[in-house]
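My questions will all concern the structure given below.
Letters A, B, C and D mark the chains in the order given here, with residues in each chain numbered from 1 onward.
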Amino acid sequence: MVKEPGQPANAPEVLYYWDYLHLDYLLNAQKPRSAEGESPKHEEFLFIVVHQTFELWFRQIIFELDSVLAIMGQSTVHERELRTVLARLQRIIEIQRLFVVQLDVLETMTPLDFFDFRSALVPASGFQSVQFRLIENKFGLRSSDRMRVEGHCYNATLRPDHVSLVTQSEKEPSLFDHVECWLARMPFLQINGFDFLEVYRGAAQDAHAAERVALRTNPNLDDRSRDKQLRALEGAIRKFDILFEPQQWQESIDEGARRLSYDAFVSALFITLYRDEPILQRPFEILTALIAIDESLTNWRQRHALLAHRMLGRHTGTAGSGYGYLEETARRHKVFGDLFDIPTFFLPRATRPTLPDEVLSKLDFRLEH
Amino acid sequence: MVKEPGQPANAPEVLYYWDYLHLDYLLNAQKPRSAEGESPKHEEFLFIVVHQTFELWFRQIIFELDSVLAIMGQSTVHERELRTVLARLQRIIEIQRLFVVQLDVLETMTPLDFFDFRSALVPASGFQSVQFRLIENKFGLRSSDRMRVEGHCYNATLRPDHVSLVTQSEKEPSLFDHVECWLARMPFLQINGFDFLEVYRGAAQDAHAAERVALRTNPNLDDRSRDKQLRALEGAIRKFDILFEPQQWQESIDEGARRLSYDAFVSALFITLYRDEPILQRPFEILTALIAIDESLTNWRQRHALLAHRMLGRHTGTAGSGYGYLEETARRHKVFGDLFDIPTFFLPRATRPTLPDEVLSKLDFRLEH
Amino acid sequence: MVKEPGQPANAPEVLYYWDYLHLDYLLNAQKPRSAEGESPKHEEFLFIVVHQTFELWFRQIIFELDSVLAIMGQSTVHERELRTVLARLQRIIEIQRLFVVQLDVLETMTPLDFFDFRSALVPASGFQSVQFRLIENKFGLRSSDRMRVEGHCYNATLRPDHVSLVTQSEKEPSLFDHVECWLARMPFLQINGFDFLEVYRGAAQDAHAAERVALRTNPNLDDRSRDKQLRALEGAIRKFDILFEPQQWQESIDEGARRLSYDAFVSALFITLYRDEPILQRPFEILTALIAIDESLTNWRQRHALLAHRMLGRHTGTAGSGYGYLEETARRHKVFGDLFDIPTFFLPRATRPTLPDEVLSKLDFRLEH
Amino acid sequence: MVKEPGQPANAPEVLYYWDYLHLDYLLNAQKPRSAEGESPKHEEFLFIVVHQTFELWFRQIIFELDSVLAIMGQSTVHERELRTVLARLQRIIEIQRLFVVQLDVLETMTPLDFFDFRSALVPASGFQSVQFRLIENKFGLRSSDRMRVEGHCYNATLRPDHVSLVTQSEKEPSLFDHVECWLARMPFLQINGFDFLEVYRGAAQDAHAAERVALRTNPNLDDRSRDKQLRALEGAIRKFDILFEPQQWQESIDEGARRLSYDAFVSALFITLYRDEPILQRPFEILTALIAIDESLTNWRQRHALLAHRMLGRHTGTAGSGYGYLEETARRHKVFGDLFDIPTFFLPRATRPTLPDEVLSKLDFRLEH
């Protein structure tokens, strides 16, 4: 007899592992559809268990994300809490490592085996994973950036009572939003009269001037090659200089080429460049973790697309779209793409400005004296 | 409102992914104990989810093991089914790969965090995992080979209604039993007058004689070293020769040093030596898979013991025993140890007997002619 | 003093592990470029070691591929050898698992660290990995299918003496070529008067007719939806029917939409459908392994593209092209895409033809009688 | 023609990837012994490549360990450097993840295949890995704690010119030594009159007194059980109280039951308990990383022992000892076992002392104000 979670029948005086984990529910929740017909298909069981474990891990990720959102949504985040944020992001990364191995397990099922029970599931589809949509939204995927599926919105096929849940999550501030605010309010770009952007612009001009000279005086180049390379260099410099043009930056956001606000991006660059300074170490680790989560999510989408191709051939999936769709989401659904772009604005070490002592001492603390 | 698995309220005409996976149950089954007290502990959620995913995977392994038992328990197993057996054993191996990564995820929880909610769980313990006991028993661990915990039987702390379930599984034939029978009835040791054991004994005598000569005539050895090495060699030969002494073999089984019956072991050796012959390929792959499962199970026990040490220090676990116990089970709970021992009876290739043509043709089949 | 591989100075009477592995060479081959300048960069060492281990594994893969090519290039391949082929392909899959973890190790290097020594390497680039090109060519990537890099051929930047090595490998038969021949000569499509394609065409017609009826008589559809879905169905059927049109199939090869020859593809479909029959089991496993290698190679390219984005931002790589190029190769460089497409031609189980007894007995062999 | 590392013949003006990685050496260093005899064994190539990649990774670990030793060996370690130390330890952990997968690759070789070339390698043995010995010594394994092999010292079988290298590393301060000093000089146990040990002893007395009362007043216990449990409790308390007895602690070090000095251990406990405080976060992460490295090393030894059993049966390895020896080293060669034991000294949260404000402010720093 199955008991209701939370209210064990005859609440035992002794707590058993079985009851603590509510295994009565968990281990009775595998109900293969093919078992209702004349010939149960052995492999459907695996299909169910793989998806259930994915959903349990999604649940855990949402639990961690929610706690991270609560911390990062504060107007001030204390160092003590930054450690917690980082630990939870790193846990998400560790969970994502599981995902690829779980697909390896799923691939022990052959396409023919899958074909023999998939019609029993139509139109149910992993595409309808409410929790995965919540993760995407809480992480920061905007609905305006989402691809449409066969002309429909991504949540068109959800169970009606779940649509509002997902829609609600679109409206709440995401991790992207909170991180953006947190970066934008960093107090380090103007310290005691030190203006990072001004200094960095000077350094960039020196670096680019040196590159121009190197090209012009290179005796191994003929005139045509030199002209070509000089034009390429000027193009690269123009792209670099957007770093000093808040107006242009905003335009590229408006065009959809960038997303992170100007102030937030400059802070992220500063943190990345001076990440060895004690006070910047933890913020740097958080940026790195966000990139890793995004990268892992993308790679999982790619792997999922390959699996769909292998399992379905050129058939469409149960939700009416094939692996091409999945491949495309992998390419377009990055959330923190701007953080991936930070290296675009690195300068050679020789020209990279060092921080003045009074700034350094502001970024320092000591365990040993 | 939580619905009962298998009977969705208002059975929908359209099947939703959510209902197919019974997520109402699954995602409501995380009930941290610490949440009932004054201060919920964030980390208990992870503790629950990790154990729940383990139990789901145990469920899948049992599902596969049961199907393998049904096939291998037949009086004759057809080739078509051997492929199925192998595929399912290999799936179990793939699932076991997940286990180590899942422990990596669990280790993102620190010992101090664990300490803060573990007293709320006493005496519940992973030691009470009914499904893990079933897996051990179905795989072939004998209760007589099990270590006792604090003087108690391994199932003494299970919920009373689960004890019989586990006890029942002890009485049913295990995978070890079925594999042993299947090996013992192999028809290949005596084929058209070819007697494998007789031929192999001759080969062994030749090989050992050559080793004796090599030692006796080695000019680099002084008398003392020669004597010592000769004595060692005679000891090794005596151990080897148990292969030709069914009586002695049985005695070593009676003493607990071996478990697999003489006939079964000789078949396993034959299959291993001539595994390239088409008809022996699949049986060889099955033996290899059994070794891999056993190895992976052992390594997981070892990893689990390390985790326990790290999490609890020299405290005992909630079940009243510490990492030392877990370490000891890793060493003693191998089921197919005899298959690990097969290489003990290999001979150098030069002296290894080749099979006569009439035997080879019996072991052959052809896709291309 | 470094000794020459293969001719250890003062050939020792006793073999040491160190000499056996030629560690004098191996462990002296890490020469960071940045160490020659004023400030060595710690991280360059890792960069070198990661790439060296990749190259050692590429070496192993080439070793395995060459042996597989030798076997599959024979006019007849015996069952004994098919096991060897499968084992070696599966080893390649296992090695590929390492690749992703190796990238995880490489990603412990931050982009800024990389930036500080990468200019010292220009124009050397992983793009110049001769061995990776050989693997691609031996596996079956055609140079005509390769993307151009900045208008140049993929081998334009190799060291001159390596170009011919790579070009030579383009001309030799690849694994794709050998597998295609092997499949095409399968003797099972016409057995004792049983014509697989004729029977399968009949089954397909029945299945498609049933689908038409189901749509036409579905009372839940209005006329407009019915018409739309019927048109879609007819489109799908036309695509399916290419299976019975060798001429059309050839045209789609000529157009670049397919690659595997008609006969080879039909054999692969037959093997996939009847893979439980003893004689077809091993060929099925080989097809599955080829798909897995291709999938893993593709996913590794995708992961590599993400790494490049993260490390370089929108900079181009040292070879003059960025992550966009790598992403594109992942999409276009599949070799066995036709095997991924097999499920396109599956029929529902109810209409799938069973094989007549005389065919079954031809595909059978028995271990037990 | 093979070129000498570091001095490429005809030093190229253009740097090629091939030359940068010294692939001429690397890819010519695979010299199977069996290839010199009449019948080369295919599998020996894999055996060589697996061991070579292991040695390359050992090289990388030594490179990281040396840099960590240089930093931790300073009389003061600045926060900026602690981040570097942590990053390099975490890289070692990531590399260790590779090791298990590399053994999976090696296990694609069957025992019979191994048997056919292993005699050609005698007495060379992985046991002779100089680099692995260096890693053990640099990490902190004491030669006095090592097991003897067949009565011989662990370095008895090394190539003579390597013995001194290994012996030298025994004499240099290890990571264990440096960490011990660093912990022992932590300035936080006596801060502004706050005496951690005194406060903690009071808390422990309260906690233990509460446990005594709980046992004595538990109405569910009969006299005999109560007495038994009380005796057990007193035993546990006595073990706990060693924390307040430097003299006893030293004795348990002298007896070999512990290794870390009293002062260092108390600091490690303090860091673990108050790891949320900003200044303690990084030290806590370093302790955690050391535990993880030790755990992973142990698990790798265990996995290696299983592999040896599977490959050799009850034969001894080429170095003259079997899997039992390897299993035993896994159990006994932990270096930071004392850090695993820290949880032994945790107190329930309710009785755990909170730090006074003036201490907290000493442990704090702020990014945001």
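Criterion: contacts are C-beta pairs under 8 Å (C-beta built on N, C-alpha and C of every residue); 3 or more make two chains touch, one makes a residue touch a chain.
If you're wondering where the values come from, they're calculated on a predicted model, not measured in any experiment.
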Checklist outcome for this item: Outermost chain relative to subunit C, judged by CA means, is D
Checklist outcome for this item: A student comparing C-D to B-C should find more C-beta pairs in contact for C-D
Item to check | Separation of subunit B from subunit D, taking each centre as the mean of its C-alpha atoms, in whole Å | outcome: 28
Checklist entry - In angstrom, rounded to a whole number, how far apart do the mean CA points of subunit C and subunit D lie? => result 39
Next on the checklist: Report the inter-centroid distance (CA atoms only) between subunit B and subunit C in whole Å.
Outcome noted: 33
Item to check | Multi-chain contact residues (two or more partners), subunit B | outcome: none
Checklist entry - Which residues of subunit D touch subunit B in their complex? => result 100, 107, 110-112, 115-116, 119, 239, 272-273, 275, 288, 291-292, 295, 298-299, 302-303, 306, 309-315, 327, 330-331, 340-346, 348-349
Item to check | Residue numbers on subunit B that touch subunit C, as the complex places them | outcome: 76-80, 82-84, 185-187, 276-279, 281-283, 364-369
Checklist entry - Touching subunit D in the complex: which residues of subunit C? => result 2, 4-6, 14-23, 25-31, 33, 42, 45-46, 48-49, 51-53, 55-57, 59-60, 63, 67, 87, 90-91, 94-95, 97-98, 101-102, 104-105, 108, 121-131, 158-159, 162
